[in-house]
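For reference, the structure I am asking about is given below.
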Amino acid sequence: MMRVAWLILRKDLTVEVRSREIAYTTLFFAVSCVLVFAFALVREGRAPEDGAAGILWIAVMFAGNLALGRTFERERQSETLRALLLGPAPRPAVYVGKLLGILALLFGAELVLVPLVALLFQARLLAHPFWLAGILATGTIGFAAVGTLFAAMLIRARSRDVLLPVLLYPVTVPVIIAGVRGTAALLQPELDGGIVRFWLALLVCFDVVFVTLALWTFEPVMTD
Amino acid sequence: MTDTGPGLDFDRVTVDGVSRHFGRRRAVSRVSFVASKGSIVGLLGPNGAGKSTLLAMLATLLQPSAGTIRYGAMQAADAPPQLRSRIGVLGHDLFLYPELTARENLAFFAALYGQRDADRAARSALDHAGLADRGDDLVAGFSRGMRQRVALERALIHEPRLLLLDEPFTGLDEASASALLARLRSLRESGAVIVVATHDLDVAEGLLDEAIFLREGRMVQSLPRPEGLRSTYRSVMAGTRQS
Amino acid sequence: MPRWFSPAAIACGVLFAASPFVIANAPFESDLGLVQKIFYYHMPSAWMFLIASMVCGVASVRFLATGNYRHDRTALAAGELIVLFGLLTLVTGPLWARRSWGTFWVWDARTTASLVSWMIACAYLILRRYGGPGSEKLAAGLALFGMANVPFIYISVNYWRTIHPPTSVVPTLPFSLGFPLWYCVIAFLLLFVLLLKLRVRVEEQQARVDALYLALDERS
């Protein structure tokens, strides 16, 4: 199964490298998001308390929503998702392949967003890089795991562009809370390891539970 | 070569009283026929007759609401995922990634279907399609006929036992259409089970071993070795010809 | 309709008609006074909200596992009841809170988890309405995810709130569970069952009409 997932990932990366459409648009959108928040929230050159953490995660989630929509729209246009489902590979392999592709995209965006947010909001985001990487990674995986399933589910639904955020955001509330609070804890002058470890543990649990659920429901949800 | 498990080397596909409805709308109603090894079955009918739905069910993408589909002795419902490795589909939408080259498309699907040497398979597929020199061009730049050829090779790259084609002659010129006909005939010789849905009667003339006429989801008539398809079609659809 | 439906409906009507009197005769809670009376409607609504969520979640799982549309109909009916009782809870709650805590809304674990669950239920109904054909399975998937989410929401909001001192002290249940409360719980439970049965029946009739159309189509 991982062989197929890897195949799909490689194919998606090839397609993306050729056109770079989703990468550029998602990145640009994420940066604009951050700028809009900067204009909205920064007063007299100072950002609100813990604002940086919130803004980072909101930008990631909005950008992720966009990326998910575009990725599956592309599959929809040539009905290639159907072609993937026609293959002998177990259906969850298709899910994993798409998930890895989305993760690659979002991690790339975060590589740009973190320094940008740190810069614009004078936030010491890079003070504890490993903790930050952990929180970002687990939170992004949680968001992408649910998002990939929902986006695939909606591929043949009407109003799919608007339905994705409607479905996705309420279900990923724990990710927002844990991600933002965990990142904010890293911004405190004195790092309270206990808090960060708690949020990290919560995110890991969320990821395990929801990736498992997604793998289980992908097949029944995608077959008519 | 692909590995086939036991029972996956079926010699016929049996459609038995298959129906499918979407809510209130009945798309396919109690259709029955048998497609044997080394034969070409045609699904003929106007748009909305249920041809695509029937093909989707044969491809295991949709489940029938009633009736069964059997591959050899095995019921579709009991079939393992490996069954899909014995089925090739040429859909109306061609299932090709426009941002990849022809070679990359073929190699990807070859690998997806478990072919051991995907690159070699891709190369021979390109030769079959007569596009060996365009192998490294993006599919987005191909004409409809060329895309069709690549798509057909994509459907055949894993040497399926059952080949399903949905409106394959749409938008093809004379030369491409006769090339496709020749290809289908040679596939029939090699023992494939072929089911073609089309409303292009002139091209299908003389190709079919059996013609299933569908209208509004119902099987109006089934004729072995039909001649003079166009007039036969008209009379069957008008209800003047009885079995 | 099953035979118990009409008598049950009458009983439910009577219970609700009499409820203001039962509540009015309940002993006053000294510190909260008249306002505490809202709680007699708020608590049972909250419990029905919870029960509806469980019914919807279980029915969705069964639908995904078996593909039997009977479970899908139950899930839909329960989904609508989640939104209904949830709305009732989320409206009566702040009315009570304003009087006793001084503020309409508090971001504590229970209230926030309820709000988010309610929003997921609304999303469920939006998906079923606007998702087009075939959205039953998708909605079942959403319901499953929503149900699995509840502990996570609860834990995350709980921890989030405890590290920030709350703006007002959130008290535990301010009064003992007396007769009026159980009376209202029974009334609401009866109402829940009646509404569920009614809604499922509407869907069953709809399915039967569709089947008739199909059979008619077949015949011609």
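Which chain is which? They are A, B and C, in the order written, and residues in each are numbered from 1.
FYI, contacts are C-beta pairs under 8 Å (C-beta built on N, C-alpha and C of every residue); 3 or more make two chains touch, one makes a residue touch a chain.
Everything quoted here is computed from the prediction, not taken from an experiment.
Which category does the touching pattern between chains fall into here: line, ring, star, complete, or other?
complete
Whose Cα centre is nearest the centre of all Cα atoms in view?
A
Does A-C or B-C have more contacting C-beta pairs?
A-C
What whole-Å value do you get for the distance between subunit A and subunit B if each is reduced to the mean of its CA atoms?
39
So how far apart, in whole Å, are subunit A and subunit C when each is placed at the average of its C-alpha atoms?
Using C-alpha averages as centres, the distance is 31 Å.
How many angstrom between the C-alpha centroids of subunit C and subunit B?
Inter-chain centre distance comes to 49 Å.
Give the residues of subunit A that touch two or more other chains, as numbers and ranges in rising order.
224
Quick check on the complex: what are the subunit B residues that touch subunit C?
Contact set of subunit B toward subunit C: 21-24, 26, 29-30.
Could you pull out which subunit A residues touch subunit C in their complex?
146, 149-150, 153-154, 156-159, 163, 166-167, 170-171, 173-174, 177-178, 181, 195, 198-199, 202, 205-206, 209-210, 213, 217, 220-221, 224
Going by the contact rule at the top, pick out the subunit A residues touching subunit B in the complex.
Per the touch definition, subunit A meets subunit B at residues 4, 7, 11, 14-15, 18-19, 78-80, 82-91, 223-224.
Which of the residues in subunit B end up touching subunit A in this complex?
59-63, 81-85, 87, 89, 91, 93-100, 104, 108-109, 111-114, 138
Please name which positions on subunit C make contact with subunit A in the complex.
It comes out as residues 64-65, 67, 116, 119-120, 123, 126-127, 130-132, 134-135, 137-138, 140-142, 144-146, 148-149, 152-153, 155-157, 159-160, 163.
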